[in-house]
Structure formats: structure tokens, C-alpha cells
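Pasting the structures in now, so scroll down.
Next come two complexes built around chain A: one with chain B, the other with chain C.
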Partner chain A sequence: MNLTHLTLLEQAVFVLAALVLFLSFSLLAQARLLAGIHIFAWQGGVLALATGLIAATSDEPHLFISAALTFGLKALTIPWMLHRLVRRLELERHADPLQHPALVMMAGAALVIFSYWVVAPIEQLELAGIRNILSISLAVVLLGLLIMVTRRQAVTQVIGFMSMENGLFLAAVAATQGMPLVVELGIAFDVLVAAVLFGVFFLHISESIDSLNVDRLNRLSTREDDGA
Partner chain B sequence: MTALLITVFAPLTGALILPLVRSLRLAGWLNLGFCATSLAGSVWLALQIMDAGELTGNGFHIDAFNIYLVVLTAFVGLTTAIFSRPYMTHICREGRVSARRMRLYHSMFQGFMFTMLLALTTNNLGVLWVAVEGATLATVLLVSLYRTPESVEAAWKYFILCGVGIALALFGTVLVYFAAQQALTDSSEGLRWTTLYAEAGRLHPMVMAIAFVFLLVGYGTKVGLVPLHHWLPDAHSEGPTPISALLSGLLLNVALYAVVRFKMLVDGALAATDKAAIAGHLMMGFGLLSFLVAGLFLYRQRDIKRMFGYSSIEHMGLMTFAFGLGGPLATFAGLLHMLVHSLTKSAIFITVGHATHIAGTQSIDHIRGLIRTQPAVGWGLLLGVVAIAGFPPFGIFTSEFLLLMATMQRWPWLTMILVLGLVMAFAGLFRHLHPMVYGKIPEGQQPVTANMLPVMLHLGLVFCLGIAIPAFLARWLDQATFLISGSHLL
Partner chain C sequence: MNTAAWWLVLLQALLFLLGAPLLVAWVRRVKARLQNRRGASLWQPYRDFYKLFAKETLVAHTASSVFRAAPYIVFGSTLLACMVVPLLALGLPSAAVADVIVLVGFLALGRFFLTLAGMDIGTAFGGMGASREMLVSALAEPAMLMAVFTLAMTAHSTNLASIAEHQLSTGLILRPSYLFALMGLVLVAIAETGRIPVDNPTTHLELTMIHEAMLLEYSGRHLALMEWAAQLKLMLYGVLIVNVFLPWGIATEFTPLALAVGLLAVVGKLIFLGLLLGVAETGLAKMRLFRAPQFLNLALLLALLGLLSHVILEGGA
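This part shows the complex of A and B:
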């Protein structure tokens, strides 16, 4: 791949994609809930900016709509809802530190390399730029999964889930100039409903186990173990 | 087209109207009415398809593969609504659910029906994804309807696992769209299934192969394939029983339908390469693993609804295996199995609903002597389990027999494993069934008012399908077999 062949705007898109990946790593390392929510909001903002740039370079006016949707949803609405819930449940000072930070960061780096390896065969298409962005978005998806696996707090798990969605969106926008508008609206609607439901669930979980530590959601698994 | 619109949008209307209905009695009947309207629409649609063969337009596509699933979905929806009306009224009177939450229940019941019918009928792979995700969102609050700590836990698990799975499926869908954009001149057609199917040979094989891995893992989570099955027994055991019937009978089918639709595209794209059967092999592996693991887990269960949840995993594994095996005979068996399993399993869950009502618990150890307390429920459970275990003359015997024959032709040594798995599942089920049906009656156990009409209808149909498949259905299944495997069986 030769970066100098690309226009400035396209290069800027690459930089933003890299920034999204970087923010995923900081999400992975961030222990404090509120700071995590802020990073997630930044990630949404960067994603919206990247979408806007792609809309400007390509001839796809509907991408401006998705850029606006992303900004409204991922950078403002969802972080605001999470913020309000955290305050309502009095978790502002709560931290959810990683058990083995060095190990988890290494695993994150390994996931990035793995994503490049998975996408490598697509090189045959001679679209090096797209291959790069696809790898990054797959890495963001997998890092989101890693966040969900390593964290104990319901709130951080949801942030991991939503950042996975960011990775998917990046893939859709960068590789295919966005999905058709109907689909994109549908996806945005689903994400919004999911966010609302997550909020409802926080309340239910904190009511039923008096905390948001999902490690304590283990009644059903212990039931299975007794079952012999 | 009118018939199609009635089928799909009657439940949506219901989902929007039912939250406003305060009277529980009226809401129950309205719920039933919307389901009946949808079923009437689907039967009308089926009559049209019988004349026309297939119907495409306005973003919908109906062919032999999905029409029978549409009718099945609407039918099971109606019978479950018939069961749900008195059952949920009883639950509400017991005080386990408030009247306000019952409004949520009815609305989400219809919302769930809508998303499933939309997923089956849409011609757009993106909309398919949105609808399947919508089905998760609609059911997640139903699983936690009782608000016990266990049900909240089950719903959280269901939400997170299926959410992650379905996100991976979206990544796969993006890759398919990407491949389509490289191959097709008009890129806006890139998610239209009919266009992709016609042009499958031109899609980039490597991209499609990678996409299929994501799609199989993603939709496979919803099918309940091992090792992504952990949500399924929890959601089945903690949710209200009508919802367990819908999840097992319908949702799993819809997810499998999505996998098979994508497999048709991937097979087309890979046909000319040296890895033509890779999608099939992946499905066979996952299917067989699910089939065996779930069969083993049947032994250890203590909760009756969990046990039948595992039985669903087992059967979904068998179907995935059948579609993975490919070829007309196995595909025909898989299609038939989707139909008979769905009818039988929802009948079983309805019966289990009555049985837990009689015993006052879901624990297998405390459900005893059903056949003497209430013969209708006892016999219903007995016959349902006999059918699901694959005894003749029920329909599941037919489909499993066809699958065994197909396996014997293509992979003879796998037949042994299949037979072993079937025997294991049979023993696991009957070990628990015998005391529940025949055991000693606990003191003070009283019969309850039970409407066994849905169960009799379902089991009657499964019985008939085991004796003879009606000509029109056989023709549909054969056409669907042709679409999926490339050659006719009959």
C-alpha cells in the first residue's frame, strides 16, 4: 500500500480509524466508570467525523445522515444515558480495575495482529486501503469482546458491547460506503432500544443482587452444577 | 401482496395497540385475534404461492423455502396465544406479574411475532439482521418478566450472549455486502438476496468464506449451537412458558433459516474453488457437537423446562448437521425436521406449562403422577416426549430416518455417532419422564383447568406427517430442496 497515492481526506480517514482503535485500547485499560463513558463518547465522535469525511470524499449523500445519526446516538445520547444511570445508582467513584493489566493489553495487541491475519487473504482484491480499515474494525470488534470478558461491572460490559457496535459501523462505512439507508436506520433503532433496555436491566440487576457486579449473577450456573 | 402485508403487519399493529389496552381479558382475546389474522393472511399467501411458485417485490421475497415456515410461525403463534390467554391470566391472579407488566407481555408477544415474520419474508439481508436483533430485544424483557433474581440473570445472559453473537453476524453481513459491491454493477442491489443468489458465482470466494464463519457463529448463537448455547436453557427455564414455546418452536428455526440462506450464497461463490464444501463441513461440525453435548446434558437436568431446552439444542444441532451434509436427501430431512420439531416442541412446552401448574414447581423431582391426577396432561406429556424422541409413527421418526439414510450414503461412519446420540437422548428423556407421568401422586395434588386443544392439534399434525406428507407440502419441500441443494429429491 502506498499512502502517498491517497488524497489528503482519505489519509485523514485512516488516521481517524487508527484513533478509534487507540480509544478501544484506552477503554480496555480504563478502570473508572465515568472516564470509560467519556472515552466511549469520544470514540463515537471520532467515528462520526470519519463518516462525515468519507461522505465528503465519496458521492454518497446518505452518509451524512448516518454521520449525524452516529454523532447524536453514540457521542451524545447513549453516553448521556449511561452517565445518568451511573449517577442514579451512585457509582461515580466506582472503579472496575483489571486483574492482570499487562496480560490483557498483550492479549489486545495479539487480537489486532490476529485481525490483520484474518483479513490478509482479501489482499487479492488489491484494495489495500480497505483491507487496512477492515482489519482495524475487526480489531475494534474483538477488543470490545475482550472488554466484556475481562470486566466484572455491568456498565463496563455494556460499554464494551457498544464499542463493538462502533467497530461494525466503521467496517460498514469504510469498506462499503455504508449500508443502504433502510438497514442503517434499522440498526440505529436497534442500538437505541438496546441501550434503553440495558438501562432497565441495570436497575433490575442492582435491585435483585444489590450490586452491578455480574460475577454475582451465578444462581443458574450453580444450579447446573448441583444437577448431577 | 395484500396477503403478505396482512401476515406481517397484523402483529405489528397488535404490538402498537396492546400496550393501550387496560383490560387483561380483552388484551388476551385481542392477542389471539391478531395471531389469527396473521395466520389467515399466511394461509391466503400460501394459496397464492401454490399457484405462482414464488413472489418477489417491495423488498419481500417468498419462495418454497420460507412459505411453509411463515405458515408454521403464524400457526404456532396462534396456538400459543390460545394457551397463553388462560395461563397468563392465572399467573397474573397468583400475583407473580402485575397488570401493567401484562400489557408489556402482550405487546412484546406481538412484537416478537412481527420480527420473526419479517425476518422470514424479507428479501434484504440487512433487514434480516435488523429483524433477528429485534426478536432478541422483544424477548429479553419477556424472559425477565417475573423479575426474580434468576430470571434477571437469565435475561442478562441472553441479552449479552445473543447481542455479541448477532454483532458478529452483522460483521459477516458487511463482508457479504463488500463482496457484492466488488462483483455487481449496481451496488445498491448488494444486499438483495435474490440478486445475490443469481450472481453467487461471481462473488469473491475468499471474502464469502470469511463472512460465513462470522455469520455461522453469529446466527449460530441464536440457533443455540454448542459452545454458544449457554443462554438457551436459562432463558427457557426462567421465562414464562408461552415464551419458551415460541423461543423453541420458532426463534431457533428463524436463526437456522438465516444460516441456510447464507450457506446457499457461499456454496454458490465457492462452487468453482477447491474448498467447495467448507460451509457444509463447518455446519456439520458445529451441528454434531451440539447434538452430542446436549444429549449428554439431558441426564443432569433437574428443571423440566431446562431439560426440554437442552432437547431443543440437540434437535437444532441435528438440523444444522443435516443442512451441512447437503445433498437432496439430507436437505429434505432437515426441512421436514424443522417443521415437525417446531410443532412437537411447542406442544411439549404447552403441556409442561400445565404440568408445572398442577405440581406448583418446575423441579422434576417434585412433578409426580401426572397421568392419574389429570390424564389429559399426563398423556400429552407422554406422547409429546415419545414424538420428540423419534418414535414411529410420529413425523420426527421420518425426518431422522431420512437423515440417517443420507448420512449412511455420504459419511457411513458418522451414522454410528448419530445413532448413539439418538439413543442417549432417548434414555435421558425417559429417565426423567417415567416418574413424572406414572409416579406416586403427592398429597393434595389437584387437576387444573387445561385447554389441551393446541397440544392435540400439534401432535395430531405431527402424527399425520409421520404417516403421509400431503402432496402440496411435499412439493414445497422438494422445491426448497432444489433451491438449497441444487437437485430435486422427488
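This part shows the complex of A and C:
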């Protein structure tokens, strides 16, 4: 696989895929809730742009629809909903710092290498250009998982979950020129519904334990908290 | 031909020496304009140097020979580092002698003596500045090397001129690895040249200064040489960034016309870079020193991503 054989637009798709990966790393490092939501919105925007470029290069007009859908949902609607939720719960200034930032970052880099190693055998399928983006999207999925594992704040966990979905979407678009439109519409609305449900859950959690720190869910009463 | 090429090397070094204060003055001018001030003339750094070289040089009585020698070593090693970077033309003999690892080595040598001089007098500020400088550089150097190795893997050479030549010969290719290496290198350059948000070049507030803290005891021509070396370093990083990532316009043959075009191109690119730096410095606030490691971790992460995306996305080619 050599970049020199590709057109400029296809190269731009690669750059955008790499940017999606970088934004996943930024999400991993970002402690502030609002900044995290903004990064998530940017990731959705970059993903939509990449989808649009793939649509333009591969002559698949239905991908333009999913690009527009991605932009509308992941770059605008869901971040806006999360933003409103954070404001309503008065968490604007809330931060959820990592315990060992350097270690988590190294784990993230290791995940990227791991996903490259996992996807490497697909090289024999002569999908060379695709394979590269496939390993990037697998890495984005794994990084989303890592975000969910390392965070204790419910909102950041949801952002990690959503960015996992971004990785899956990138893989689908890059490997098979997108799923059938019906499936894509279904997934898009699933994500939207998930975002709404998460919002309801946040309200309930914060009402019953007065915090969104999911570690507290392990305890039976708030009284133990005082002793700890 | 060969002697002509060596003359060109000297010309380049001279351009670095004379251009560095001008670049700094340009950045200051941009910042002044953005802050609604008129700003000093573009020749102000030269006037400062003229004044400092004419002044008496005072040395504290506790100073050792290291303190006296440091300005010359710092200035000399920075100038030698500048000669490695292609400014006007590619394929110069000085670039063939030394590659980018030597460049990092020259900079490290200069920094070593700078911090030694900072600690030599025994004042609290000097030691503080030295320890901070070492903190920043210890984190910046791996990021810089990794960013440069990303380029070297693409061009199959650690020689800066060959990297630029490779870039010229392949034409415009959007490489994700170059993008990340560029972003990483810009962050490293900001940290290493002591600009906002890592260090404030104009501050004399003892709690925040890094570079200035080491120069507090210097005066006269020693101070002038140290300041000049710092300005050279800014220009070095600027030229490194514009000529390695965007080498278009640089001369590949030693004809007067090609050299003139090369000069115009690099001046244009540096003016633009200075503009960006000025705008960025006006918009950003200096961050706390303890956040500098985070800033440089970001640079390291970007460089690492550049390396990874080179292997993954570009198939190592």
C-alpha cells in the first residue's frame, strides 16, 4: 500500500481517519466534562466529513445521506443534548481526572498497536487501502472501551460509549462503503434513543445518590461514604 | 563548485545571524499591533545588541570559568546547529556532514552549558531556572526526536536536506504522519524556544520565568550573546518547520536566480509563521509550570501517533 498511488481525496480520507484516532486520544486525556463533549462533537464532524469524502470518491450517493445524518446527530444533536444535561445537573465545572494519565496514554498507544496486529492478517484479502482504516477504527473502538473503563463519571462513560460507536461507523463506511441505508438509519436512531435514555438515567442516578460518580453505586447506603 | 558551496554555507550562517533578531522583532511587532500598541521598530533588537556589546561586562566574584565560557559555547553551538538546517538551498556540504541527530546534539550541548551557567553563580533564581529548563527539555527532546524519526522513516534518511528533497520529489501528498509530526514539532518548538504558553519571553516575574532566570546575572556582551543565541534558536525552529514540511521554493541548484527565489520563499514563509506565532501568543495565557509536562506529553503523543500512523496508514512506505 502506497499513498502515492491514491488520489488527493483518498489521501484526505486517511488524514481524517487519523484525526478521528487523535480525537479519541484527546477524549481519553480530557478531564473536563464540557471540553470532552466538544471533542466528541468534533469527532462526529470529522467522521461525517470522512464519510462525505468516501461518498465522493466511491460514487455511492447514499453515503452522502449517512454523512449528513452523522453530522446532524453526532456533531450537533447528541453533543447539544449532553451539554444541556450537564448544565441542568450543574456539572459545568466538573472534572473527572484520570488516576494515572501517562499510564493510560501508554495503554492507549498499546491498543493502537494491538489493533494493527489483529487486523494485519486481513492484508491477504487484497483490500489494502481498507485494511489501514479498519485497524484505525478498531483502535477507536478499543479506545472508547478504555475511556469507559478508566472513568468514573457517568457522562464521560457515555461519551466513551458514543465514541466507540463512531469507531464502528468508520469501520462500516471504510470497509463496505457503508451499510444498507435502512440499517444505518436504524443505528442512527438507536444512538439517539440511547442518548435520550442515558439522559433519563443520569437524572435518576443524580437524584438518588446526589452524584454521577458510578463508584458510589457499589455502596448500599450513603452512610458508608462518610466513614470512607 | 565545492568552494562556492562552502561560501554558500557561510552566507546561510550569516543570514541566520542577521535574520534571527529581525524575526523576533517581527513577532514582537505583530503582538504589539494586536494589543493596540505601535510597537518598537524592526531594528530595535540590533540597537539593543549594539548597546549591550558597547557596555561593560560585569561578572559576579563567585563566578567560575564556566560562567565566562558559557555564552560563547551556547552561541557557537546554536550557530553550528543553524548551519545544519537548509535555509536557502538543498544539497549544501554542511548538511551532508551533519544530520538531524547532530542538530539535536548541538542544541543539547548549548542547553547543558546554559543550565550550568545558571547554577554557577549560586543564586536561587539561576538554579530554579536551570531545573525548570531541564524539566522542559527532558520532556521535549524525546518528542522532537520521535517527530523527526517519523519524517526520517518516510524519506529513509535522517539528513534534513534529503528529507526536504524527498518531499519535493514526491509532490504534495497528504500524509497523516506528517500532520501529526508537524503538530508535535510545533509544540516542541514552542516549549524549546520559551514562548507562551510554556515560558514568557518578556517576563521578569520570578515565579514564572524559565529562560530569563538563568540569564539574570549576565551583562554586557555575555548577555547579548545569550539573547542572540535564543533568537537564533527561534529562527532555527521556524526554518526547520517551514523548510522540512513545506520545502517548496527552496533552491536545488546554486544559480543566483534559484537562490533569490529560495530567499524570497523562506522569508515569506517565516513572515507568515511569525504572524501565526504572534496571534497565538496574544490569544493564549501562560500556563502554570506544572502543566508544562502535560503540554509536552501531548507533543510526545502526537509524535507517537505520527509514527504509528506512518506504519499503519501508509504501510511503512
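Criterion: the second predicted complex is superposed on the first by the 218 of 228 C-alpha atoms of A that agree within 3 Å, B and C clash if a C-alpha of one lies under 4 Å from a C-alpha of the other, contacts with A are read in each partner's own complex, and residues count from 1 in each chain.
Going forward, contacts are C-beta pairs under 8 Å (C-beta built on N, C-alpha and C of every residue); 3 or more make two chains touch, one makes a residue touch a chain.
The structure presented is a predicted model; accordingly, all values stated were derived computationally and were not measured.
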Original post:
Which of the two, chain B or chain C, is in touch with more residues of chain A?
Top reply: B
Original post:
Taking the superposition as given, does A:Met105 touch the first partner, chain B, the second, chain C, both, or neither?
Top reply: second
**OP:** Once the structures are superposed on A, label A:Ala194 by its partner contacts, choosing first (chain B), second (chain C), both or neither.
**Re:** first
Original post:
Which residues form the common part of the chain A surface touched by chain B and by chain C?
Top reply: none
**OP:** Would you pull the chain A residues touching chain C in the complex into a rising list?
**Re:** 1-4, 8, 11-12, 14-15, 17-19, 21-22, 25, 29, 101-102, 105, 109, 112-113, 116, 128, 132-133, 135-136
**OP:** Please give the residue numbers of chain C that touch chain A in the complex, ascending.
**Re:** 170, 172-177, 179-180, 294, 297-298, 301-302, 304-305, 308-309, 311-315, 317
**OP:** Using the touch definition up top, name the residues of chain A that touch chain B in the complex.
**Re:** 118-119, 121-122, 124-125, 130, 134, 137-138, 141, 145, 148, 154, 157, 161, 164-165, 167-168, 171-172, 175-177, 179-180, 182-183, 186-187, 189-190, 193-194, 197-198, 200-201, 204-205, 208-209, 214, 217-220, 223-224, 226-228
**OP:** Would you mind writing out the residues of chain B in touch with chain A in their complex?
**Re:** 59, 124, 126-127, 129-130, 133-134, 137, 140-141, 144, 147-150, 152-157, 159-160, 163-164, 167-168, 170-171, 174-175, 177-178, 181-182, 187-188, 190-191, 204, 206-207, 210, 233-234, 237-238, 300-303
